[in-house]
Amino acid sequence: MTSHPHVLPGRLAYFTGSRSERGALLAFAVLILVLLPLGLDVFRLNIFGKYLTYAFVAVGLVLCWGLGGILSLGQGVFFGLGGYCMAMFLKLEASDPVSTAIQSTPGIPDFMDWNQLTALPWFWEPFHSLAFTLVAVIVVPTVFAFVLGSALFHRRVGGVYFAIITQAVASILSILIVGQQGLTGGLNGITDLRTLLGWDIRSDAAKYVLYYVNAFLLLAVILGGAYIRNCKLGRILVGIRDQEDRVRFTGYNVAAFKTFIFCVAAAFSAIGGAMFTLQVGFMSPTFVGIVPSIEMVVFCAVGGRLSLVGAAVGTLVVNFAKTTFSESFPELWLFAMGALFIGVVSAFPLGLAGLYERHLAPRLSRWRQGGSAAAVLSSTPGE
Amino acid sequence: MFDGYTASELVSIFVMQGFAGLILFSVFLLMALGLAIIFGQMGVINMAHGEFMILGAYMTYLTSHVFKGAFPGIYGAYFLVAIVVAALAGAALGWLLEWALIRHLYHRPLDTLLATWGVSMILQQIYRSIFGAREVGVELPDWLMGAFHLSDTIELPVNGVFVFALTAAISTIILFMMFRSRWGLQVRAVVQNRPMAGAAGINGTRVDRMTFALGCGVASIAGAAFTMIGSTGPTAGQLYIVDTFLVVVFGGAQSLFGTIASAFSISQSQSSLEFFMSGSMAKVFTLLTVVGILLLRPQGLFVLKMRK
Amino acid sequence: MSNNDFVLSVEDLTVSFDGFRAVDGLSFYVDTNELRVVIGPNGAGKTTVLDLICGKTKATEGSIKFKGQELTRMSEHEIVRAGVGRKFQTPSIYEDLTVFENLEVSLPRGRSVLGALAFRRDAEVVERIESVAEDIFLADLLDERAAVLSHGQKQWLEIGMLLIQSPELLMLDEPVAGMSLSEREKTAELLNRITPGRSVIVIEHDMKFVKHIAHKVTVLHQGKILSEGSLDKVQNDPRVIEVYLGH
């Protein structure tokens, strides 16, 4: 105890948070960086990589819903926009005039040719450039979230109304994508993606590389989320969730804060979407509509709406269960998923992370303290 | 998009599409009235509302089968019976759901939303197990077939007129119950001040359960009407839930009259646009307009200025 | 003396809800270093007046000038930033945060999104928070979650959350509701201590407490001013007696 107990050592501390947060993050990093790659073959690892792309959405929801109390039922929109931006670039690369020579109009994506389009639509043009694409992956969904968020939050639309309107937006976008087959690939989506600047993304080596890129991006996003939660902005969000008027009458522009965190959640989801496209090799409207959007909320709820790592773990657990279950008992899966929705909301509102904090963590710390007397002495008696 | 049509053709198109939209209007309105009562009066978001509608549709399907087997002579009357069966089944299931789940989640509207979504998944799977994944349809009784001819170019389908009359009757009954009956008075009392209503001897728990059951029963009647415009599958309800929520929000959640106006404008614009563009684009166009208006006027079309 | 010399001048203020005039052509002026108490029977429009000043409710007619700025055209957070602080009737604090964090969130530094991201809890911040905590009798409870405070302590915490913003106009809606007698005395002492250098408006029913703090009292009735002046003067005003005792 050199200086005052309340002074924090510096902003870096915001990234790591409390000791149990640090421990959880470290354990999760070991799981996805070491254990999964060692324990799974490349096919299964790729599937887990796919699950981890949904975790970006869940982490964004912890910030926006768990912390800020803003429930968005349209996160699939941002996941999809990010994914579609990436898919458009990859599709254009796969549709060079040589490999599409048999089409009536060579050089445009195959589904456009099937739909009697004879030229590339204008909004596809810039996606020839990878630099533009990478910027668009983040910027397009974030700007969309900004427009939607600032319009609604400035007019004090929140809670249930916000949830319903975001859900409507998800529904509209998925109907639009399905309906405009010639421009978007319709219900099938944008498929048959092969290379990134000539590098075959379907090879085993590429799958490993992409898995690790995805895993590191996810950890970075979790760290960024931890910073937001632990700095003053995080406490303002909690304030907005619990006492919105008090925050407003403390001189904060509440709408600006809500818009900001909604945009952050959108940007996170978009990164997940782009990584999905790269790892799975296609993007389709089934990841945009209301069903995937609300499922992603449940991933977050199962893991724990207040815990960043918890939400990521929850995503893995639910998806792993879904795959295992629906392979062997396809009928039971919907029952199980429905029960999960009901159970998590009514019995375990803090999810797996809450169960851990309540039951496992005290036992762990007792065990640790029993293990060494030194630990008891060094641990601060800060109750 | 109006190129190539003469003015009188356009009038006929709008009149015909308008009446074609009547059944859609009826489905929207009955669904939305149920949702609006439940949300407006209890603050509960029922995401399984679409499944209650489908329950009514399946009940209609079952009733038609029973009639075909047991009373082929009076087959034409099955639809009237089906409406009653649907309403009772929906209300009973709603009663059960309120008792088992909803009452534990009052004051947590976002959580009811997620939990009832879980309910909707379970109901869908139950329907799939019982009725199969394939869509089923019912045969229209003879007296609902055909059309009234108003002029050379304008004719009104009989089933549309019937369903519209049914909806008008049910809406009137609901409005009457809400604003003229003792039960409606109790509901409104509980909404405004629960402890005070309790002190005045009103059983709030019972009123809640009745309200929820009523909303679900009305949704099931919507399902009976729905069998006339579409075939029934386990997931058909989900397609209507978003539209119905928009109807409620667009109308202003506190205003039942607003709900009627909003159901009418949304169903009519969708139905009229369908003549000029594909069904999905008509829907996109309609929903986008509604969301756009809500961005500018989030309180909906009709709302009272209140002292907070 | 021109009306602009007052810190707060409210003129012809009117708000109606569906034709009901909750505040009706109200005018009053508050000076620096003044502690004004507003009393009146239920439904007199006391809380509505505070709502109007802090921007929670928009006025139908009239003007509210604070240091020459027209508040009726400003948004809530701009009004706060101009120097108006307001405590609500039921204590609204952040129950999930500690007392320290409650005060930190209220600190007028890092009020923009980027500012909040870059905010650092340095020695100066901690010092300021501790000195305010001292003022509001909560110095020993800084690390407690606000949810565990007593009702009176929550009221103090909310007052502290306003004080830390150094407002020039402080509005308190029933600050001693739910407090014990000794807590009321401490609050009276606190209010008398913080009034110099600013203006304070208090809504209160407890006349003993009002006697301890009031410089001047305004009596509202049906959205209008019934009487104004020293406590003695209004207490002996026959119209006030009529309203309080007449029916």
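Lettered A, B and C in written order, each chain numbered from 1.
The criterion applied here is as follows: a residue touches a chain if its C-beta (ideal position, glycine included) is under 8 Å from a C-beta of that chain, and two chains touch if they have at least 3 such contacts.
Remember, predicted model here, so these are calculated numbers, not experimental data.
Asks: So, comparing each chain's Cα centre against the centre of all protein Cα atoms, which one is closest?
Replies: Per-chain C-alpha centroids compared to the overall one single out A.
Asks: Going by C-alpha centroids, which chain is farthest from chain C? Tell me that one.
Replies: Relative to chain C, the chain with the farthest C-alpha centre is B.
Asks: Between chain B and chain C, what's the gap in Å when you average each chain's C-alpha atoms?
Replies: 48
Asks: What's the distance between the Cα centroids of chain A and chain B, rounded to whole Å?
Replies: Once rounded, the distance between the two centres reads 34 Å.
Asks: Rounded to a whole Å, what is the gap between the Cα centroids of chain A and chain C?
Replies: Comparing mean C-alpha positions, chain C is 43 Å from chain A.
Asks: Which chain C residues qualify as touching chain A in the complex?
Replies: The touching residues are 54, 56, 75-77, 80-81, 85-86, 88, 92-97, 100-101, 104-106, 108, 110-113, 116-123, 126, 129-130, 142-143, 158, 161, 165.
Asks: Can you list the chain B residues touching chain A in their complex?
Replies: Residues of chain B touching chain A: 39, 45, 101, 104-105, 109-111, 113-115, 117-122, 124-125, 128-129, 238, 242, 245-246, 249, 278, 280-281, 283-284, 287-288, 290-291, 294-296, 298.
Asks: Taking the complex as given, what residues does chain A use to touch chain B?
Replies: The touching residues are 71, 73, 148, 151-152, 155-157, 159-161, 163-165, 167-169, 171-172, 175-176, 178-179, 290-291, 294, 297-298, 301, 331, 334-335, 337-342, 344-346, 349.
Asks: Within the complex, which stretch of chain A touches chain C?
Replies: 3-4, 6-8, 10-11, 227-228, 231-233, 235-236, 238-239, 242-243, 245-254, 256-257, 260, 382
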